[in-house]
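Heads up, there are several structures right after this.
Next, two complexes with chain A in common: one pairs it with chain B, the other with chain C.
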Partner chain A sequence: MKSREEEYREIFMAEALEYYDAMSRHISELEKDPNDEKALHELFRLMHNLKANARAMGFNDIGEVAHRMETIFGLIRSKERTFSGSLVPVLFTGVDTLGGMIRAVDQDEDVANADQLLHNLDLLVEGEEPILEPDEKNVDEDATRKLELSDLVYIQIKKLDHLLNLVGELIIDRDRILTLSQEIGSPALQAAASHLFRIADDLQYSVMDARLVNVGSLFNKFPRVVRDVAVAEKKEVELTIIGQDIQIDRNILQIITDALLHLVRNAIGHGLETPEERVRAGKPEQGSLTLSAQTERDDVLIQVIDDGKGIDVEQVRRKAVERGLVSAEASRSLDANAVRAFLFEPGFSMAKEVTDISGRGVGLDVVKLAIDSLGGQLRVDSTLGQGTTFTLVLPTSIAVKGALLFELEERSYAIPLMHTDSVVSLQPKELHVVGGILMARLLGENVPVVDLRQLLHNSDGALLPAVKAELQGRQDIIIVNYNNRKLGLIVDRFLRQQDIVIKPMSKPLDMIDLFGGVTLLGSGQVCLVIDVPALTRLFLAKRP
Partner chain B sequence: MPEAEPTSEKKAVKQDKLIQLIVFRLGDEEYGIRIEQVKEVTVTPEIARMPKTPSFVKGIANLRGDIIAIIDLEERFKLRPANQSMPTMSYTLAIEAKEYTIGIVVREVPQPLSIPLSIIEKAPEFIQDMNIQDKYIEGIAKVEGRIIIVLDMPKLLSPTEIMQLQPK
Partner chain C sequence: MKNRILIVDDSFYMRTMLKNMLTDAGYEVVGEAANGQQALEMASATRPDLITLDVILPDNTGLDVLKGIRQEQPDVKVVMCSAVGQEVIVNEALESGATAYIVKPFSEEKVLEIVGGALQNQDSDSSEA
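Moving on to the complex of A and B:
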């Protein structure tokens, strides 16, 4: 993996070379038709961008030349100069010099001295005649000039998506071939299959790698957003950004863009207090907001942390009862985590007044949906008076997901590891029926348990109250976790853990949201992938 | 119809357009589907049952890498006693509906049959299923004493069709 500086430098080089090509093209157009305003405008813009980029990267010599060139193009644009006479060769030399300097930077050579050119450009700005050298040297240079192609390729994300889909298909077939080769038992076929396995693996990781971008490419847009929101909300905010160089699939970053924007606006609008309130609470006037990214095993954790007033759990509890999401009685027994989970219910907004920035009725449920669609997790932690942390747990890549395979009624199902908390095997005596629901006590926590068979096959209406006598022998239970709610699913048998490629459910069955898709196992068997968010919702709706 | 029909009112059997049907048996009757709507006929692959679907949706199957839904029209139209099931060995017609491919299981090998378009008679209104908006029976053809019910599959398998039948 490259360092951030190296990567920025590569991007700068690619852009600079592209600018140089465009400059050469436009200046030739301008020579043909000095009144070509479009070409002139482009040249001005290119010089401006090159100047800004070069200065940001510390290549001040390039920045200086681009700056003076920009000035002259500006003068031509405002009709104070015309693109004619001695001005033309100077500008052509300018473009060539820029090209030479960019190449020198690329090859780590010293950048040639451009004093003569700079002087000439100054003279032109002041309306004096430049000092033109005899042409000999130029002719020589022209003859030896090399044509450069950039080392970087811009590629449409659509093409990468297609590539990724093809790799997904390949992986499925690869697993099938591997299984078949073992069944057939021919050593030559097995050798070929295992080679295919490795190649396909490499290919898959290469394609996934090509899709990775730095989280920074999104984070770096936030200083401006934070400033604007802070001004509108009359808050003082210091933004800290951590972990810009963590890498993540470009499409995942795209999908969470709005979610992150929402969380940041929320943090400033509702989380952080006004400077006066903060001083009264004994906090520094300036609120602190942190955007951080880090990797945790195969996942990427993105956090939005504020040191504002935190979430008032009692207020959320009252509101949840008001909204009829939970009965007043039941609400009292819920712990803080369970109460905070209500924040993600559709239309649940804590904003008392509608402001321009946040609280437009678009709640955290939208954020939640975006994260769900990626198979990720959204968590919230908060200490009243001290601040709130939203954590997004995201997969690095959308292609392959770790999954737990299990068997139910002689069919294989898969459940994404992202939503799997643990697996346990319990004897019936370790399970208790509380209010018609099976409960297991795990690590000091009461977890509701449901027979997955009943949940899947029960057609309409509520589930029947659980009867302990129906449990025979050891029960294999998968504990899933969604929105801070744990739920145990009784299955027939655990199979194994495996990376799977999820194919979307084929129409018209995609209307059944209980399944996030299907995958093909090495045996060719079709395996349904359980969608934990939908399953949890089903359980909540159907519980006795 | 693009071809220039003669204005004569006579039955011009020779000029009548022939259509090809794939004919199969459901219950006691014969049904036909226009061949262009049939993608392929195959021995029914292993079907994975799909919970939360109407019972006539048998599940999903892997058909050359495509995952398709498999439905049982006998069950859909209640053409066989409820306690009876499809034989273990059956055939699947992969049908191209508008946006997707869907499989229908049949008990016997489907047979192709060419018939003149003109012998397909419009089905009487009242046979059409009252619950379904689109009229999916294209007509009824009488061929040498056989009666073949010609189905318009894209209409029968429209997503709204399936949606209406979903348990709420």
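Moving on to the complex of A and C:
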């Protein structure tokens, strides 16, 4: 992480080099047309800025030269001097000297002595004749002048997208070559392949790294949003921002922008109470809203935390029954987490009235969709009367994802680890049939289990009721987790855990929403990537 | 509510430094303008409590901006940021209604002292009114 001093230094250097380029340009313009007021004003302004910035950084030598140069350009502006005669070469030398000093500071070298120049500039301020070196009289003969380009490059994000796609392709070929080299068994080929493996790995992380931006670049837009929403909703809100320096892929940040905006508006509109309500509830008048980012293993956690009234689980439970999302009877057995998950169902809004800012029919389901599209998770925790926390679990990068590979009917499939809870092997006697559905008892929790084969094959109609007698021997089961709902998938065989590059499906296969994409394995085999949210929805729709 | 501040300076370096100082001290920086035109637009859009205004800007002088802002918002506090050698402009700015001025390069303590002082006046003014 960069310290503030390093950040200041980088900004200073980038700006100083920019200023130097502009100064060189403007002083040439002024030489062509000594009455060019615009160029003169720019030179004056640039010297002014360079002086102030250099002094703030403690680069006093630069500050001294810039200060005198500014004074002289000021005198030319007020017509007390003209840009002519011996003044011209001294000012050119001044600009060149500044360029040299800036470069020296950049490279941590000692700044060359500028006493002669400073003395000449002082003479000019006093209205006296400067002492010119023989070669200084002709400004065009400066052969030592170097052309400097900025160290910073602005890149369009689509160029980085392209680069990342290419790296993805390369990784797939790399895995293929590595597998082939092992099959062929040539030591030389194996050595080359493992070198390729390391280089490609390095390349992949470098490209991923180039795409990272600070979460702060999004968070820092929120003080204004919060203020406006708070005013419109007549709430008093104190915003705290934590973890601006956490880094995340720029496109992921782009995709969650609207989701975060929605959550923040929601928190102020529906979460936080009015000052009067808060005082009645024994809370401080000003509500607290926190935007926080932190890393957890390979993921980035972004949280929107308010200390408002919290979510009334019973109210959500009633509403879910009213909307027919769950039967009244079944609803009673759901725990608070399962009930709160209904908030992410399409069109499920708890807003009693529509306000200007929030509750215009755009529900949390839209937030959920955005997070799903990234392969992330959205969680909500809440204590009635004390507040609500929304947690977005996001991948740091979109390039590769950890996945669990398994086999079903001699084909390989992958499930992103983000959605994998655990894997278990159970004997048939550990499974029970309840209402036509297989259930497993895991860590005190009843988890429905379905044969993935049936779910994938059965295209129309409901699933057949499960028959326990059909199960033979140990069952390999992957427990997936989506929106606080766990589901066990019976597969033929677990293969291994592996980082995969997911490629989107091309037309017309992109219509099959059960699969989030494909990946190529080192063996050259195509492997379908299961879309856990879609699979969970399919199960819920088809359960007997 | 936090006091809301608009920063006007054509140097990104200066803006970053001022923003960090002010944000760390608990102020809300509602915007950053890099030239006079932007400054006028942002001042009228954000209605800040205080503006830090650099005396030298690319398109017009800080003095013109000050006058423009004053016409629209007589109550906003304006702290001029100048450098050594600009006493003439500073004096004119104070006569044109600037609240205070800071001389670059400034220390964090000085900035906070002057900004805090300028806003203090605002509070006592409004309580008298």
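As a convention for this text, the second predicted complex is superposed on the first by the 398 of 544 C-alpha atoms of A that agree within 3 Å, B and C clash if a C-alpha of one lies under 4 Å from a C-alpha of the other, contacts with A are read in each partner's own complex, and residues count from 1 in each chain.
The rule we apply is simple: a contact is a pair of C-beta atoms (placed from the backbone, for glycine too) under 8 Å apart; a residue touches a chain by one contact, two chains touch by 3 or more.
Remember, it's a predicted structure, so these values are computed and weren't measured experimentally.
When the two complexes are overlaid on their common chain A, residue A:R227 makes contact with chain C while staying clear of chain B. In the superposition on chain A, A:L384 makes contact with neither chain B nor chain C. In the superposition on chain A, contact is made by A:V518 with chain B only, not with chain C. Contacts of A:A52 after superposition on the shared chain: chain C is touched, whereas chain B is not. By the touch criterion defined above, A:R411 lies against chain B but remains apart from chain C after alignment on the C-alpha atoms of chain A.
By the touch criterion defined above, A:F44 lies against chain C but remains apart from chain B after alignment on the C-alpha atoms of chain A. Touching of chain A by both chain B and chain C, each in its own complex, is seen for no residue at all. Listing the residues of chain A that touch chain B in their complex gives 169, 172-173, 409, 411, 456-457, 459-460, 503, 505-509, 511-512, 514-515, 518, 520, 524-528. Those residues of chain A whose C-beta lies close enough to touch chain C in the complex are 4, 7-8, 11-12, 15, 42, 44-45, 48-49, 51-53, 55-56, 63, 67, 70-71, 74, 223-224, 227, 236.
Listed in rising order, the residues of chain B touching chain A in the complex are 46, 48-53, 57, 60-62, 65-69, 99-102, 159, 162-163, 166-168.
Chain C contributes residues 1, 4, 10-14, 16-17, 20, 28-31, 46, 56-58, 83-85, 104-106 to its touches with chain A in the complex.
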